[in-house]
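We call the chains A, B, C and D, going by the order they appear; numbering starts again at 1 in every chain.
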């Protein structure tokens, strides 16, 4: 395994997840950047990293750093990704790739010109049984896709006392639940089925039109465990929940429900794909099992056992059957795929990871969703496609 | 328990289910009517009933018969229910109550004038844990409803060789999957939440635009087990699957997915209701368990144990916890409620079962769904409401 | 379906279950007998039966009664079954067949001489997926049996305030949890595997060495829902829980855990049979699913869908896949098998239900279990076999 | 986080698991040792480690190495652990600690004299929900323990063509399934309940009395995925499966079933602890859920959500609820606990990890199990206790 120097920007929930995944993937994590130099130093110390960077420029000036991971708030993605690419660094950017399709289209172009590797961190693709589902479909074994239903629901923003920068449209974008978690599902389903979504009909919903904001900041998922504190009331215009009707390029239909206010569901992505020969269902809260529905014989439950998986899923599996892998493992596998590609060095080869084009497509889709919601009608995704 | 004489019209899948439920509810089943006198006699013999009726008129002329159950194909419901009511018989009619809202409105009026009891067989309401869910919501314990997601999926019409009278719009109506099974879900959710659906956006989908019809007839659910036989190709215009976006009277939102082509799901109704204090999820394939999601403590799984249920659910439970009840038990409980009401004799008292008004509301809703699908837009249910 | 006259002795938990099952199986339930004439009359009225018998003799004198179901406390089984058989009545007796193997051996002989049909109510055999498991094993498809593990656990006697006649050895016998529920498992496993248990090593355990007895009587499973009342302290010498190691005739091994003090398990019988080609696991709290474990391909979950079952299981299934059947349905199916055999009239044909020989074998096994427990050593079942 | 230099001995299944866990725990993995220098170099390269050691002596001579992980075949544990301790290195040794209680007692003494930290890698203790179960019991919340049932079953040795050094008693010890996996369960249950097992009654079972050994070696869990090759027949005297009856120091009882020949169960450890106020059940194939059974209210399913866990479980959790952790995470958490203790530097403080005394106790227990099996009788564990 070839090891290169990597820096991570972002010290919130997901930055340290990248650090751990990089270590498991055998890469050399040089340092980390927080929103202030003090936060950088604190994170570096907690994570056992040599360097807490002063600024993003310092990262780009550090010759040991060959790749940069961008795990900062959404509104910073565009600028940082563009700079890093232009500075000749490989980039893995958290989703969403940018704040709008103008930016994401620009990033696609920058990445294409840069001669480096560039990925968007749609890590859920790297659950081995999601890869297996894709393989059963793209190989034709499952038969043609008839319809897809699914959901992605959480409860960490259930109460009006739950707060995070993501609820503010100027920080996270005009779509929230749909963009933060819904896009994971939308990317995953298009990846698994190999089908593009061509039209959407959306209905979004803000349960709490005001929320109480604590004086200090709150990391994603951390609010639930915090003690009460002083708050101010702030108006909220982003979606807590919402539903989509979907049309796929082959004429198949689907739906998606997204919510961050479903008590008891902590982080629960589910899909149920009905194809002509079998159905495929999966739940991220039981990620080591793929349900395979059959009409004329018993249903199946396929465990994530490398001895039972096809090549793509097996390549993304490190542990034997019954030795559960989980969420952190998806980052390791994404990074193994990415740095294997980097090590191979042929950047015209088809990338085995989600690209900036995938990231751009998601943003185009989000814009269609927002338009559909506002105009309360079906919107063809092609209306917005570059 | 007071026992009265009952006749059942219909010898397909659901007629014999009524006979068994009536016996368990301690009623006296006098006889049964099939589509021909020979079928009547055959069914009577198989079921151990004294009488195989020659005609519906013969039932109405039989003075032993105080109540009539209508379990015939949909297009016969209106006429039979109206006749039976006018002949002074109590009526339990299978859903849908009629073929359109003109008919169902008329039946409401006939029932109101008849001075007898009249129910629509929305049996799923009588799963004890559905009654318990209703109780948790209507008592305020669950908090206000935020959204509802759900599905009702089956696989018995997956292949183009699967056939039944229900696939033909002239026999079963223009809506099929939505009407046959979707309406069970829509009735159930409005019953449990106590909230009316006020607007719908529908997208329906016919997977098989032609099906191969066997020469003989095929009972509901029976096709899968039959040997191959001679077929003719017939065009199909009813829905195999479809999705709905929903708006409830309190502003809550929801979705529903319906399908009769989902391999491996035999008869699977699911709902997940997100309320302010807890979520409630249930699956008809595990009907003895209610999942209760919580934000700030462990989730719960409530088993159908009468010692743990509220009064409404306990009253609809005959067996101790762990002694599973199932689909046939819902008919028994519906009939116990109905014939208890009949025995009490006060037909102005609030009925503890789904009424013809409920049956009419479902048909109005179906018409809004069909309109929404055809016009590809949101339709307010009130547009169609009488 | 031929219908004959049946009387039921016993008005506790299980007597009314028999009445309902008989009605579903199309038999003519003439009347019922309680522990007093008043209880007989009360039960007859509640269940809508014509006759509340004064005495067991009155049943035997009633010429309409061709079959008798014995659902009285255990200590009465021997005498009632013997009398009914000698009076030329078909008999279905609840388990255990008698209080000891001397009695059960005698009953075997009486039944053999009587020229009628005689069954023990091991109803669990009639869950369709238990029949299916048996079929997979006896057909050789599953391969040779390697081992069996399992349990039968409940919680209705968890507290020392829980009381029922079964806890007293003079009422229910010296074994309690093992005999009341353990024997269901032991009968089921021997039925499914086709293998006799040849040796046992038992360790039984009384959690509550005294219990508080209410002044009145308490029906099985009913105590949990009762209000507190006056009690007296009584010493308990029957088992609340216990474990067995098992040896089967082919050399396979197994274990069983039984408990009536496991909080949260209401009535949970589980088995997991490891055979050379597949494993079979089943849980009575999800009786419509059979888990089939595979080494070299995906595991399977077989739903109780008649289109997917073999002949024996299909014959014991009344409802389509996904329309859950449960505990009450097993009695219906047992009675359908029994009264079909009665109607066929050849009592030398192999009976499709558990016989008095099966009931005797269970009692012999229980005696070996008790001896093993007391002597704290392995006991060969053959030591005790007649 | 303080980082120290660590070497790992063992390149089979579990050695690389240690390397990854050490990296996640922020420790500095210097190098690795295989069974030959060539294997050492190959493993070092694959894992991205600087050093492939020539010999165990070379590790002990490497002054950068402050801690040694022993993940070699069982028969090497004693010698390597003793040497490393005597050389002043902290040691984490895989289970079993040694081949017999004479060795393990000796190791206890060496560890006590060495003034360093010494752990046995009972990683399963570090599943957060196992820690939570322990907390519910030791705090008294669950009430006194009544009984424990459980199993640990796998399928990787189902066929007689499955082979691994562990099946040979001279390589792995006279107990196999019981020692390899059963001891994980026995350690875990004593850890969770805080109760020692005082007596055992065992029945072990060798399904395949001969196995076909491939010419080359086969890593644990790897056989299933290999191509067929030349084999020789070898006699097997270790246990493929077996059952135990257990007695705990407080009089509670239990059982355990262990098997490496249960088709479909890949690595499935289950326990169900019945206590006076609640039951606790857990399954390693769904490690993010703890089932809490209740008698008088709904059962609970507690998800591994740090916001819902007590301090001990929360300290061993890195990811938010719904972001599944799994098997690799238990090693990270064990190592975090171990190296936190090392960094604190007070080796008289109670260790927050399994000690050599725990490892010794397991071997004493295994010797009692083997004696019980051979003498076919109950054996008090104290008979063998030092």
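The rule is short, and it goes like this: contacts are C-beta pairs under 8 Å (C-beta built on N, C-alpha and C of every residue); 3 or more make two chains touch, one makes a residue touch a chain.
Please read all numbers here as calculations on a predicted model, not as lab measurements.
Engineer: With a Cα-based fit, what is the angle in degrees between chain A and its identical partner chain C, given to the nearest 5?
Structural biologist: The superposition gives an angle of 180 degrees.
Engineer: Based on the averaged CA atom positions, which chain is farthest from chain B?
Structural biologist: Centroid comparison gives D as the farthest chain from chain B.
Engineer: Could you grab the centroid distance between chain A and chain C? Build each centroid from C-alpha atoms only and quote it in angstrom.
Structural biologist: Each chain's C-alpha centroid was found; their separation is 54 Å.
Engineer: Cα centroid separation between chain A and chain D, in whole Å?
Structural biologist: 35
Engineer: Whole-Å distance, chain A centre to chain B centre, using C-alpha means?
Structural biologist: 41
Engineer: Enumerate the residues of chain C that touch no fewer than two other chains.
Structural biologist: 224, 265, 292, 296, 299, 303, 307 - these are the residues of chain C that touch more than one other chain.
Engineer: Please output the residues of chain C touching chain A within their complex, sorted ascending.
Structural biologist: Checking each residue of chain C against chain A gives 292, 296-303, 307-308.
Engineer: Spell out the residues on chain B that touch chain C in their complex, using ranges where they run on.
Structural biologist: 1, 3, 13, 17, 20, 23-24, 26, 45-48, 154, 156, 221, 224-225, 265-268, 284-288, 303, 305-307, 318-329
Engineer: Taking the touch rule as given, give the residues of chain A at its contact with chain B in the complex, in rising order.
Structural biologist: 146-147, 149, 151, 153, 155, 158-159, 201, 203, 205, 207, 224, 240-243, 245, 247, 253-255, 257, 259, 261-265, 272, 274-279, 291-296, 299, 376-378
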